[in-house]
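So, here come the structures, one by one.
Shared between the two complexes below is subunit A, which has subunit B as its partner in the first and subunit C in the second.
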Partner chain A sequence: MRSYRSYLLGRLPSALLVLLLASVLIFAILRLVPGDPAVTLAGPDASPETVAALRERLGLDGSPPAQYAAWLGSLVTGDLGPSYVVGGEVADLIGDGLGATAELTLGALLLTVLLGGALGILGATARRGWVRAAVRAFTTGALSVPPFVTGVLLVLLFSVTLGVLPPGGRVALLDAPDLGVQYLLLPALCLALPSAAVLGRYLGDGIERALTEDHVRTAVAAGIAPGRLLRRHVLPGALPPVVTLLGMQTGHLLGGAVLVEAIFAWPGLGQLAEQALTRRDYPVVQDLLLLLVAVFVLVQLLTDLAYAWLDPRIRGE
Partner chain B sequence: MTDPHSFPPPSPYLSSSAETSAAPAAASAGPARRATLRAAGAGALFLGLGLTGCRSAVAEAERPAAAAGGTARGGTLRVAVNADFTPALLFAQSAQSYQHRLLYNTLTRYDDRLRPQPELATAWSYAKDGRSIRLTLRQGVTYHDGRPFTADDVIFAVRNLQNPVRAAQLRATAAAVTGFEKHGDHALTLRLAHPVANLFDLFEFMIIADRETVEDAVTGRKLNGTGPFTLSRWSPGTGLSLTRYDRYWKPGRPYLDAVELRVVGQADALVSALRTGQSHLSFNVPGKSLALVENAPGLTVTDYATGAGAYYLGVNTTVRPLDDRTVRQALARAVDRDRLLRQSLGGHGLASATPWPTSSPAYSEADRTHYTRDPGRARALLKSAGLGGLDLPLLHLSTPGDTSIAESIQYDLRQAGVRVTLEPTDPATAQKRLIAQSMPALWTMSHGFAQVHPATLAVSAYPFNEAKNTSHFRSPEYTRIVREAWTSTDDGTAAARARYARISRILLDEAFIIDLAVRGQVQVASTRVRGVTLNKFSYLNLDDARLV
Partner chain C sequence: MTASAGTPVDTSASTPGPAAASAPAPRPAAGRRRSPYRAALSTPRGAAGLALTCLVVLAGVLAPLLTGHDPTGQSGQGLLAPGAPGHPLGTDDLGRDLLSRVLYGIRADLGVIAVAVPLGAALGCLCALLAAVHPAADTAVQRAFDLVLAFPGLILALAVTAVLGPGRLPVILVVALAEIPVFGRQLRAGILVQRGREYVTAARVGGTSPARLLTRHVLPNAADPLVVQFAVSLTVAVFLEGAMSFLGVGVRPPEPTLGNVLGQAMPYLDRSPHLAAGPLTAVTLLVLGLSLLADALNRETRR
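Right, the complex of A and B next:
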């Protein structure tokens, strides 16, 4: 059986190739889209002379291969340089946005696990039929209502009507945890609901399947305590596919954050991406998209590792 | 009695446990309940941390200002903006220029009748030939870093705007300043290439930035001005935090301790921020959303009738049959400006066939209503041009507000026999096509610069530029009258009014830009807010603002 290290090394080349191909695609697509940073900087009342001067200043008059090489160079050296339009250093912009998005995504992930876990267990084990029906109805609703509707409804209820939570904005958790949590709750809940519903259904199905396994029946017959039964015999069988799903849902949460950040004025990567993309801020968009691809690749890699840890047979395949 | 449904009914485990032993079934209710309760407990803890924390985020946002000497002093004014500050556009008019007059000053400011009032320039006098102007500068003004403001800062400011990379729309006016003569530290003469009619537009527009840190300013690292507030922090994507400058040159001002400009890009979120009191002030509530705040308790809606630009229908005069001005006039007559104003702009603004707001010296009620909706006449004009019907593409920005305007135009033109195909386009692409003069037959966007001196529109707004514009419209008469208006300094005279009337007449007759509605700035504010004003370029002035 292979070690974790060789298992990891076996997956690295394909991950790097994905990143390289993604960089070429990102660069090419951005250049193929009409409009450039100089045009958006100059504004609708500007003259062509102003646009030409800006293009020269931003280095957009160089050949595309030279611009691509310069970008790769900046990635290798770690000096991402200044933003063209948004302002500030690209590394700072992405760092700040990443912190905010990570906070939102982790908050949503935590809620996904808590809510999805509770829904899954409740849906699979509740005594009363109406409880299971309610869980099914809730998960169906959470899956079918789009986040921009959920977000508006949450704001109307908790901010406008009840006035207990702020409708948007962010206070960093590290700066003021008590305020930060309140700013985080609504966007995290809005983002988490669909994922929690998926997770709950998946987990519920997994538990139901695990309950039919022979070793679980044997454990029940042996009179093992229910808590221990669930932890030691039912969940280990039900969790591996759920962990895989959670990895995929993390990607969806990152993607979904773009929309939720707009609804709640959450200054994360989604907001930054929207702002940079609409204004053709090449350095920000390029680095940001590549980072998102890298995060997705990393999450998939970690998911594979977690899967291999939960089921050692995977490493041997 | 044990409930047989303690584990799921479809499960064989359930049936076996229920049938063979009551004990496991009874016990099996435990893990389900406990696990669920644990999860719920953790969730409740997470929620409780927020809701019962030391402070309430909602209450924190509503801390009152202190009253002293009959005037409310202190407090933090929170302004919701729909776009972030763009430091690279510090010296250009952009979508978000509200912070300019908070951090900086200008030389003069216009009143509502476009009469210049002192700011950093306290007095001025033109030479008789109009080829120079002498400025007396305010003394005792310091930048936020303590350095005194002098005539050298004015010289730098003008030269800075002459640099094309600053993308200043008033660069042509700045470029007309060809020399400087200092008279000590607080007076100077600007020498001009020719008399410049819109020089005070430049003085209203041009912020006096610190010449020693200008490169830091255009990257947002340091914004050192003479304005009433200093920059505490700029968080890209989040907004700006400003604090009171204690050595501001206006005695006792500003009243506020701090100002926060928060980026709230989404319209619903912006409205929620205002309705919940999280933000006190905004100028970015879209027209269609204004109805939501007009009757909301604790909010007031105020129109700035002096205008901030205008929506227009652009016409490419090289596309047949739009090279025939009769056809263009037919389009101008087909549009229902009043309905567009009501439906797309929430009724705020002024339906108008000309670009001028009522405060402009070029404004005329007859010109404003020169084209009113008359589909019958539009069809007749098309017929006289030999056209029974027409198919035209219309490019518009893909934002909801602009799409609504485009759909309104599409409907109106269809009534006149013109079938329009909409081409939704993202703003960057649209701007590229505008500047590259590669627009399709029709496009709709908004333009600025009609709210100041009439000459500025044709000199600084590219769609109206007499030498090069997106409509490909050229006319010796238009060029002559625009040049004449720009190089004359006889404002207020009958001759000046006649020139402006001539410009309006050409715009109406040639219809290469068909104006639809003058848009004013619409201020939505908490009833606690007093003393807010904007300059003609939408720089927010909070010198006298307070929270009551």
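Right, the complex of A and C next:
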């Protein structure tokens, strides 16, 4: 059995290695793109001198290893340089998008916990059979239907039919909380539904398992009130795997945010990636891809660490 | 995306008894193995899933017989309501027949899925077999899987289209690439579990060659989770195709796919919600059918 610290030290290098490999891969595939970005950017009528000047300004005149090193250097210093087409500094663009995406992801995470918790507890403890069946049907539906379908359905229901929520766009939550929440609700719900369904199922299964354990049955026999039974005896045993699952789902939420942003015109990193890709703005694409992968790897690492923290047996493997 | 929790890997249920170790003839074993799939298809869940899937697949395959309209032909009458003469589902903003766009959209999706998922599954299984040969290969394959898995599905789609641009081929490539580590890990785990079992040890002691051990004993018993995974991956493929269309990096318009027909309905949701009805129904039925199938297979094979 290893200590927690040695487990941590063992996991870090492999996460860093994955990140490093991913950076090489991203750098390499963007160099595989046919056509010279400087030529494309300068336009068809540009003189060779203009193209050469542009190439130098964009840092495309060095050898590939030198360009790669310069890129890594820029990532360390945070000075990411100008974007080709979208306009402005890459760091500013990514900063703005990151704020919006973080808001959406955190909103969805909150909804996942609330909705998933409610579904799990309701599905496992409801007295009436039809309630359990309804919860099961709802989670099956939410799990199998893709987000772009739920997104369209949510807009049809809440924006077109009921007219209570806007169908897309964003007002920053910090600027105008009351208005911001209205814009945030639909995209966050669309993003959260599959994760909430997964969470609800795991939690429900965990609670059902915990209910059959001896110490819980003893507590039932002792006549402890249902609410207290759930809080003090059932949930503590059912929660640890759910916490791990939540970590994994956070990674999925980040990936899914890219799609949900496109559906609801939410100006986050996904929208920025879409713009940068369609306009072939490679500095933005390159930094953005690495950032998304880095966040995803970090979330996975934190999940592993949380799991090892909760369940010491894992560290020995 | 939905694959993560739906099908936890558990191959323990498909253990043959001690009899299998000494069974000389593979035939009866093969007959016995086939049954969980049949049993799965005869449960209400499996039968409903199969029926829904077949319905949508048939609609796509028979598209040219079911509609006389060209899915990209513009009639000049835009946004006709459903039930208009000659256009049962109405027309879209450019006056194209919606029924034919949905049917040909299913067809396009099937075309992508039918190539991409088997390709990804085959490559993934090949990687797992490679990993089973030597510990060094195992490490290399594991790291490669980690690398691909570091790109969540849609980020991978963005990376691939950054190089190839939008189109049908990138969609196929993204789906296949995303499935490789999924199948690879599944099979690798299955092989490791089976290798540790007594019947394999018994066969090895009996002098079975490593190759025969793998193909005759280990692989057949590690296959069940792969069948379930295949059904799950089909839904993931529908999801990826649609998502890529929504992001503007999927199959190029005007060719219809389920994703881009639905995506093109988005700006008209408030005035003409009927544009979304056809693709919504088709995607939902297809995905629900495949999910039910996966669920039924999962229950029966883990029994």
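The rule we apply is simple: the second predicted complex is superposed on the first by the 265 of 317 C-alpha atoms of A that agree within 3 Å, B and C clash if a C-alpha of one lies under 4 Å from a C-alpha of the other, contacts with A are read in each partner's own complex, and residues count from 1 in each chain.
One rule holds in what follows: a residue touches a chain if its C-beta (ideal position, glycine included) is under 8 Å from a C-beta of that chain, and two chains touch if they have at least 3 such contacts.
Just so we're clear, the structure is a prediction, and the values are computed from it rather than from any experiment.
Of the two partner chains placed around the shared chain by superposition, subunit B and subunit C are both touched by A:Glu274. Judged by the touch definition given at the top, the superposed model places A:Val198 against subunit C, while subunit B stays out of reach. Put subunit B and subunit C next to each other and count what each touches on subunit A; the higher total goes to B. By the touch criterion stated above, A:Leu185 is placed in contact with subunit B alone, subunit C being left untouched. In the superposition on chain A, no contact is made by A:Pro241 with either subunit B or subunit C. Counting contacts by the rule stated earlier, residues 33, 152, 155-156, 159-160, 167, 262-263, 274, 278 of subunit A appear in both its interface with subunit B and its interface with subunit C. Those residues of subunit B that touch subunit A in the complex are listed here as 3, 5-14, 16-17, 20, 23-24, 27-32, 34-36, 39-40, 42-43, 46-47, 49-51, 53-58, 60-61, 83-89, 92-94, 164-165, 167, 169, 171, 219-221, 234-238, 262-266, 268-270, 272-273, 275-276, 278, 426-436, 445-449, 460-463, 465, 468.
Only residues 14, 17-19, 21-22, 25-26, 29-30, 32-33, 140-141, 143-149, 152-153, 155-156, 159-160, 167, 194, 198, 201-202, 245, 248-249, 251-252, 254-256, 258-259, 262-263, 270, 273-274, 277-278, 282, 285, 289, 292-293, 296-297 of subunit A touch subunit C when the two sit together in their complex.
Contacts from subunit C toward subunit A in the complex involve residues 1-2, 4-6, 143, 146-147, 150-155, 158-159, 161-163, 235, 238-239, 242-243, 246-249, 259, 262-263, 265-266, 269-270, 273, 276, 280, 283-284, 287-288, 290-291, 295. Interface residues of subunit A facing subunit B in the complex, by the touch rule stated above, are 33-36, 39-54, 57, 82-88, 92-93, 96-97, 110-111, 114-115, 117-118, 121-122, 124-129, 132, 152, 155-156, 159-160, 163-171, 176-179, 181-185, 207-208, 211-212, 216-217, 220-221, 223, 225-227, 229-231, 234, 262-265, 267-268, 271-272, 274-275, 278-280.
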